[in-house]
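Pasting the structures in now, so scroll down.
Paired with subunit B in one complex and with subunit C in the other, subunit A is shared by the two complexes that follow.
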Partner chain A sequence: MGQKKRILVIDDEVNICELLSLEFTDLGYEVSTANSAFNGLLSLKKQAVDLVILDIKMPGMDGIEALEKIISTQNNLPVIIHSAYSHFKENYLTWSATSYVIKSGNLTELKQTVQDILNP
Partner chain B sequence: MSLQAKNILTFILAGGKGSRLYPLTRDRSKPAVPFAARFRIIDYVLSNCINSGLRQIYVLTQTKSLSLESHLKIGWNFLAHELSEFISSVPAQQRISDKWYQGTADAIFQNLHLLEDHRPDHVLILSGDHIYNMDYSEIFAQHTSQDADLTLSVLKIKKQEAYQFGVLTADQDQNITSFLEKPSDPSLIPGEGDDCFINMGIYLFKTDSLVKSLAQDARNKSSHDFGKDIIPSMLGIDKVKAYSFVDSRFGYYWQDVGTIRSYFDANMIFLDQLEKQRTCTPEWKIRTMGEQLPSAHYGGSKGVEIFKSSIGSGSKLFDCKISRSLIGRNVCINSGCHIENSIIMSDCVIEENCHIKNAIIDTNVVIPANQNVGIKLSNDKQLFFISDGLVVVPKNFRY
Partner chain C sequence: MIYQEVLFQNLDKILNVWMIIDSDYKIVHWSQPAKQQFGFNEDEINNQSFSVLLPEFVTEELFFENLLDSNQSVTSLINQSAKLKQKNNIIIDVEFSIFKLTHEDKILLLLSLDNITEEVELQQLVNSKMKQLNERFHQMNDDQLDQTIYDIFGAVLVSITAGQGLQFNRAFLLYIDQKSESLKGIQAIGPGSGEEAGKIYQEFDQTPKTLTEMITHYQNLKYQKDFLVNEMVQQINVKLDDYEHILIQPLVTQKYIIVNDNSLNVNDPSVIWLRQLLSVSECIIIPMIWHGRSIGVIIADNQVTRRPITNLDIKKLTRFTKTAVNVIESVRLLIKLEESITNVKKANLQIRESQAILVQKEKLAAMGELVAHMAHEVRGPLAIIGGFARRVFNQTATRSKHYDSLKRIVETVDTLELVINDILSSSVPEKVDQGRCDSSKVINRVIALMEEEILKREISVNVNLQGNLPNINIKEHHLFEIISNLVKNSVEAIDKNGLLIILANYVKEKIIFTIQDTGPGFPSTEIEKIFSPFYTTKKDGTGLGLVVVKKLVEKNGGSIEVTSVPTKGTTFKITFSEHYSE
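Then we have the complex of A and B:
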């Protein structure tokens, strides 16, 4: 069996971090979480991951700025924007994200998107 | 048609080092190099913008930008900020990373927040180091009527000169069908002999199409360059159209002043165009920084002989002969001097009995009495840079 693919979830809502951690661990991924963009970027410096799930609205540095910084250092790292808001889709600064999934109680779309990117 | 009411954001790429223009670029970037002993190279593209009605202009600077920044601040700070008009210089800020601009496309990508702030319908991207007149409303009219994602201005030149540019082919409906940056064997225009279409570095994008391409390119291992990466990646996917510059209002002249020789020739062509009244005309003015100086003065006991030359205001000429030369502002040329086929930039002093030929004298140089420049190249080469038989005396030089 190959090495588990690693996912980093960056979201200020602890419940979302926990939920995604449980769900994606169940799917066979290794999941780490960060509850702020700063911590997420620090985590990326320490440990390489295969994909980032990134919230937009976070206190301090938001997900848009974090996305810019991620691309500037690891331009081929897939990033899924995972936001409760759809209007950030119009923001040009989000267009370099690999995908944009609107938060919902049903994680089917997010799971499918992760699957499509990591196991095409 | 003035573009004033259109929602267009303009970027002028002005970070060019101009290494091949050394020593003119020793202390300044290429767009800041003086031109026609009066203007700076960037004045052409900025004048085109203003004359076309463009009023929201960012000038992206990078290396050796002090001279350009002060030129923009002093000479181009006349738009009405309260009407959202501006010409603003944007230095490479390393806003999101510690890298300088990696290529022309990266320069725009690193400033994507400006597009988000303005939300323009179209983005015009221009190079700050080309000499030409162009009414951008003409390319805009074609771009919008064809609903193109990208329209780029193209020039027809001979195949033997085309290898140093981006070379493209287009079909009868102006769709660009191929694009290669600096090809060893440039593609010809069918039925046009040995003519090729080259890219002039004038890009008009639909904003969404630009951002989509830049975002994709940022994720690729590429040189992040419009010519090498962005345009080829859009072919066959987006509507990429060619705009024929030669058919436009001022389509008779465009020059990339990349080398000392081409720079010098462009200056001399400026003199020819002045004579033919094809440049600096009332309907298409070239603007620049303007210090208030008295008119040029011609004095001495024998008089001054001038043939096909241009003399800047504030200059004083005494008993000398000037032929086919450009003399800048506040230059003093003393008696017994003969200046031929040369460019003498502003604030220079040429003392008595000097003979200057085939030379470019940069600003604030003093040539002492009885000194020759460009007459015996073997002597000159001990002190100066010589390119293609042209002697270049660097800025602030003193013997």
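Then we have the complex of A and C:
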């Protein structure tokens, strides 16, 4: 295995950031977190990543707006939307995301999706 | 004798329009008003034939019926109506009576009449309105007679038999039943036998004399249903197409008939049948006419007293029948109106009930939304609890004393998540508020937004929107996204100096948008690729515009087609069905 793949988690809920950080680090990824969309975009400018896990409902800039900004600058960067809400799937603005995973205590689906994208 | 002379001198004031006609139908005397009525002057009236007053196709024989027939006992025609002609050929409606006068061996006819033209015209006006009303309510059990109607029938019959003026012994009412196309006996009043006659007249004698009181009394008679005459009349049922029948003839001719020993048709089977049935030698049959339409007949006779029916009787009865018919039919119409009002009220009540149900449903829907919202809100924290629990659990050895506790936490969170999923999938479908969208408005908005860009690039735009485009079942911002993406693509493809065509047409319940440009186009091999993400020919494009367009079109039940010719240009065609709904 060469260099570790980098994942950026953007979620205003610190517990989620913490949990995903622990879990994906265990799986061998390098994980950074941001607790707002704004900080996430800032972090992306400083350091390139291989995948973004993005929450939608966040105070200030929401995930949908962040997604647009991410794609307009790096349109090949995979983004997984990770939300407790399913109805944002109806919003076409989320369709440009690579995948949409609903939040759950069971991280199997999210892990599988990340694996599929980064290690196909 | 002097009084008679005075009377004769003033006869014009009493009878007004009258004339005397001889047995050759020559008018031998005109009253002054008669001359004026028909427009003849002194010189023209001498020995004038009555035919000058008759409209085409009406003969004197027809007009005077059998009055001059010496075998006939009929000596008068009372309150009849007909059309006559004035000198200036204007036809007028008249109500007339004719009396046969005999002087020595000469027969003369006295005709007196009233001009009722205006009345008839007014009647016709009322007719058509009434007919409309009647037709409108016709479907509502027309053949079922209300108890109110029976009471009115009773009142009519009481008036004919027991009234101050009419005083016939018996009266029978027969009505046309449209369903069975026959004339049916409905109700009758009068003694069925001599004994009963005594009983009834005794009772009527003891009762007060006003009509209303008599009617109330009649209604209270406990044996009213048992009147023999009622049984008798209810046996009568004559088909309407039996034109020769004595009971049908008055319906056809709309003239009364007197049946007695001297009748011309005394040997007619139906006449024999009727006289036997009523066991009477003389009776009068009067048609009931409602705005020109025959609706039944009244039969009246003097079976008990055997008093002959006089001209005066006929005059009173014909007038009375007119009024009675008016009352009966008005009440019938009122009953129908009442019924329809009841129905409308019922319908109103139903509407209100269903409105209440709707409100209830909306409340439930609002509650459902609330529940859904809460479920979503719970899902986030639950993911954290479950995530950390599972993490710890995965790292705990089976022999650890915490293993079992952690397992329980993980399992319970899993169950809770399933419960939430259940709630969300069953309670409320996420609200999709489709709107009826005015596509012309959207297109115009897109063009307005792009105007600057279009001018800058010197692009000619040809917009052609068919008038009266139906609205489409799509959210406005969805349609806006579709159109603006395609227009933006085209404008960028043209770059400079080209033509952009935007069409909207409505064909066979489908709305078709065409967006065509004179840009560089692309080879047909590329067509499949253009809708895949990140395909772009532009330097700084994201390649997502067309992906979004396609998804939005399909989501709203439409289809998208593209044709392109390299160096000539590209055409997008989007089709929506008018009636599509999710």
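In the analysis below, the second predicted complex is superposed on the first by the 119 of 120 C-alpha atoms of A that agree within 3 Å, B and C clash if a C-alpha of one lies under 4 Å from a C-alpha of the other, contacts with A are read in each partner's own complex, and residues count from 1 in each chain.
In the analysis below, a residue touches a chain if its C-beta (ideal position, glycine included) is under 8 Å from a C-beta of that chain, and two chains touch if they have at least 3 such contacts.
Predicted model, so just to flag it, every value in this text is computed and none were measured.
Annotation for the three-chain superposition on subunit A: subunit B and subunit C clash. Look at A:Val101: by the touch rule set out above, it reaches neither subunit B nor subunit C. Touching more residues of subunit A than its counterpart among subunit B and subunit C is C.
Judged by the touch definition given at the top, the superposed model places A:Asn91 against subunit B, while subunit C stays out of reach. Within the superposed three-chain model, A:Ser72 lies in touch with subunit B and with subunit C [touch as defined at top]. Within the superposed three-chain model, A:Ile81 lies out of touch with both subunit B and subunit C [touch as defined at top].
In the superposition on chain A, A:Leu8 makes contact with neither subunit B nor subunit C. 71-72, 75-76, 92, 95-96 are the residues of subunit A that lie in the contact sets of both subunit B and subunit C, per the superposition on chain A.
Within the complex, the subunit B residues that touch subunit A are 96-97, 99, 112-113, 115-116, 207, 211-212, 214-216, 218-221.
Taken together, the subunit A residues at the contact with subunit C in this complex read 13, 15-16, 19, 22-23, 71-72, 75-76, 84-87, 90, 92, 95-96, 102-107. For subunit A in complex with subunit B, the touching residues are 65, 68-69, 71-73, 75-76, 91-93, 95-96, 98. Across the interface of their complex, subunit A is touched by residues 376-377, 379-380, 382-391, 410, 413-414, 417, 424, 430-432, 478, 481, 533-534, 542-544, 547-548, 551-552, 555 of subunit C.
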